[in-house]
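We call the chains A, B, C and D, going by the order they appear; numbering starts again at 1 in every chain.
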């Protein structure tokens, strides 16, 4: 049977433990501290002045819509540096049913050699 | 009929109720559309009630249920169709019940504008019946039949939007892949039948003794290859993004369940049917020099290698995609890799404490992945419903108009990438720790790829929900209530699982892991005690 | 697909009842001889397909609506599952053969010579499966023929 | 040796089927390949149930002698029924694909996937 106490138990993982309730309490306390510290900040922010404008090294600001970074541009650097992997991966994903089955047969052959023959 | 009778018959009823509902749906659909929707939800709800009844009895009380069709006593289990429910089966049907219920609630509004909805609901219920059958059956050939029922109905559902060429093409790919996979599985079943004259899993498990014959090994290879393809292991995963990406979101949710049913079947075949050859005192397959090559070590290494490739390829491809649902689909491939990694590690170090831990982590991750990835797919469907747009490049600023959807996506994002305090963290923690004890490199790859997974979803979150308002989406509205309720249900379950991991692991995951690791109970229930 | 010549039409009209009877015989004797619901149903459906080829899909579509066929299919499936459920109610186990042993309705225990009044629910299940297969296969053939015919393709 | 011929036929059918699925471009030919694999597997199942000089497993009015095993025949029958459903589904999907793309060549279809 499931008892009420069992809801509060710590999750033992062998060499570590994890209790989300304690973690949440800690996070809430941390947020409270941050909030209190925030209260000591200066309140000098002025609306309707130059302060609210974005500063792009003196360049004119784009339209709002153009400022949004599109999905495929977000990790441009990452994909560019790993181009060699992506080239191979794209070669692999042909979208062709026959190739899918070919992979299946190849894997089956490898498994057969590893398990069946050895 | 009192509770005990229902409990005794529940393994059969879990299949029969959706089947009956499926065939009644076209008739009720003639009367009224709303009545049909209510009827389907009631059918699925009744199935869910039976599932919870059965799995409570199996998981908490520790019983193993058997059900023989057509006769009261077991008699000769070799020929009769037999359902056997132990911890692992009970664990899987919980996942199936949650996913199907949520999908049906979600489709009320999501599919409202389509025609041919009577066929849609019939197929959904058939798919649910097939999935439950795959998860419950204790008979090899019966498993094949349910596998085919599931793949036929899910193929028809993937191609449900026949006005889109790509959906039809994805459906065709899916049916080709699943038919060939299933045929090779049938071939393996035939080999086992020819050798041992039995189709029952427990009887077969009892017959396959430690020095395996060549035919045993062949059947094992065919089973692993076929089921791994159905489960979407790299490099046999390519059908998965196509199918997941093109199907309606509610169908994708159940597809996640069927994929995991295949994964479950893979574990069942390896751990239970071939369980006698896996134990530590089994004879090694061959000796090369001083090293004994045992079946569990060999399979463990193979599975772990495949899993590592799966994780890396899935995450890297997800990072590159620009289509919302394809991104999530590749992330789902990576998530499948995590389960496979953990179970492979458990196989590698079978009989040790950390091996058991890895197994637990893998099994716990199955349910977490189903919930998290399912929630993300539902959010993708909601965005498609609201904007009729699937490309991430054309989205932006949707958080302003779709507040609840954004919150649900955030929950799914945190959960799928394993951030505390969501449920994904608890299972991934288990996986990291146990794989670190086996080989640190595995844990390092797993953690790195988990970080990349977070990056993937941060990208999705940024490009779809954040950013300035795009004029095209000015009059986008929040999705209807039934979709919100469906997503909310999944989100609640995710948060519950995240807050009480110990409760879940002790009561649901432990019996399942024990059932996998030790096949003697499963066998003795049919053959008779040792 | 338009219809074929008058000779083909006449011959297939003459042959159709025989095909029908043979298929129904296979269904009805499913529990005694090789065959059963699926095989007999496939024979009847192929007879229907013969009519379809002879008269053309557009004519056949005018006579039989695909929607009505799917209703029949549902009835067949419900009959099958319903019989299984009755096994749960009358015989305590799902799919139980509860009719075996009664005196009147398919219940005799005949040994040796073939007696059609035997085998409990099996003939009933064969009828249900036969109904489903006839309707299902014919619907498949009909819809495919209609979809690939010129008129059907255009009106789609 | 003579009893091995069905197994050789099984292997040949499955190989030819796989060849058709992997190397043929036309969707219809892929479907034919799948049905070939299926018949290979069905033949294997049927062959497993055969015993030397056995009669068909019909109970009523049977002559003396051993029967071949009925279970593989039942399994084969089920497998054939499933095969019919799969075949019908695949062909109807092909009709739809042809309507959308006007081609049945897998490579051209894969290219269209890339362009969109």
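As a working rule, contacts are C-beta pairs under 8 Å (C-beta built on N, C-alpha and C of every residue); 3 or more make two chains touch, one makes a residue touch a chain.
Model, not experiment: these values are computed from the prediction.
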Chain pair whose interface holds the most contacting C-beta pairs: A-B
Centre distance in Å when chain A and chain B are each reduced to the mean of their C-alpha atoms: 23
Distance between the centres, which are taken as Cα means, of chain C and chain A, whole angstrom: 56
Chain A and chain D, separation of their C-alpha mean positions in angstrom: 45
For chain C, residues contacting two or more additional chains: none
In chain A, residues with contacts to at least two other chains: 94-95, 97, 101
Multi-partner residues of chain D (at least 2 other chains): 21, 30, 109, 113
All chain pairs that touch each other: A-B, A-D, B-C, B-D, C-D
Residues of chain B that touch chain D when the two form their complex: 79, 141, 144-145, 148, 152, 155-156, 159, 162, 165-166, 168-169, 171-172, 175-176, 179-180, 183, 186-187, 190, 193-194, 199
Touching residues on chain D, where the partner in the complex is chain B: 14, 21, 27, 30, 34, 37-38, 41, 44-45, 48, 71-72, 75, 78-79, 82, 85-86, 89-90, 93-94, 96-97, 100-101, 109, 112-113, 116
List of chain C residues in touch with chain B within their complex: 70-71, 74, 77-78, 81-82, 84-85, 87-88, 92-97
Of all residues in chain B, those that touch chain A in their complex: 60, 172-173, 176-177, 180-181, 184, 214, 217-218, 220-222, 224-225, 228-229, 235-236, 238-239, 242, 285-286, 293, 295, 298-299, 302, 313, 316-317, 319-320, 322, 353-354, 357, 391-393, 395-397, 420-421, 425-426, 429-430, 433-434, 437, 455, 459-460, 462-464, 467-471, 498-503, 505-507
Contact set on chain A toward chain B in their complex: 1-2, 6-7, 9-16, 18-21, 23-24, 64-65, 67-72, 74-75, 78-79, 82, 85-86, 89, 92-95, 97, 99-101, 103-104, 106-108, 111-112, 114-116, 118
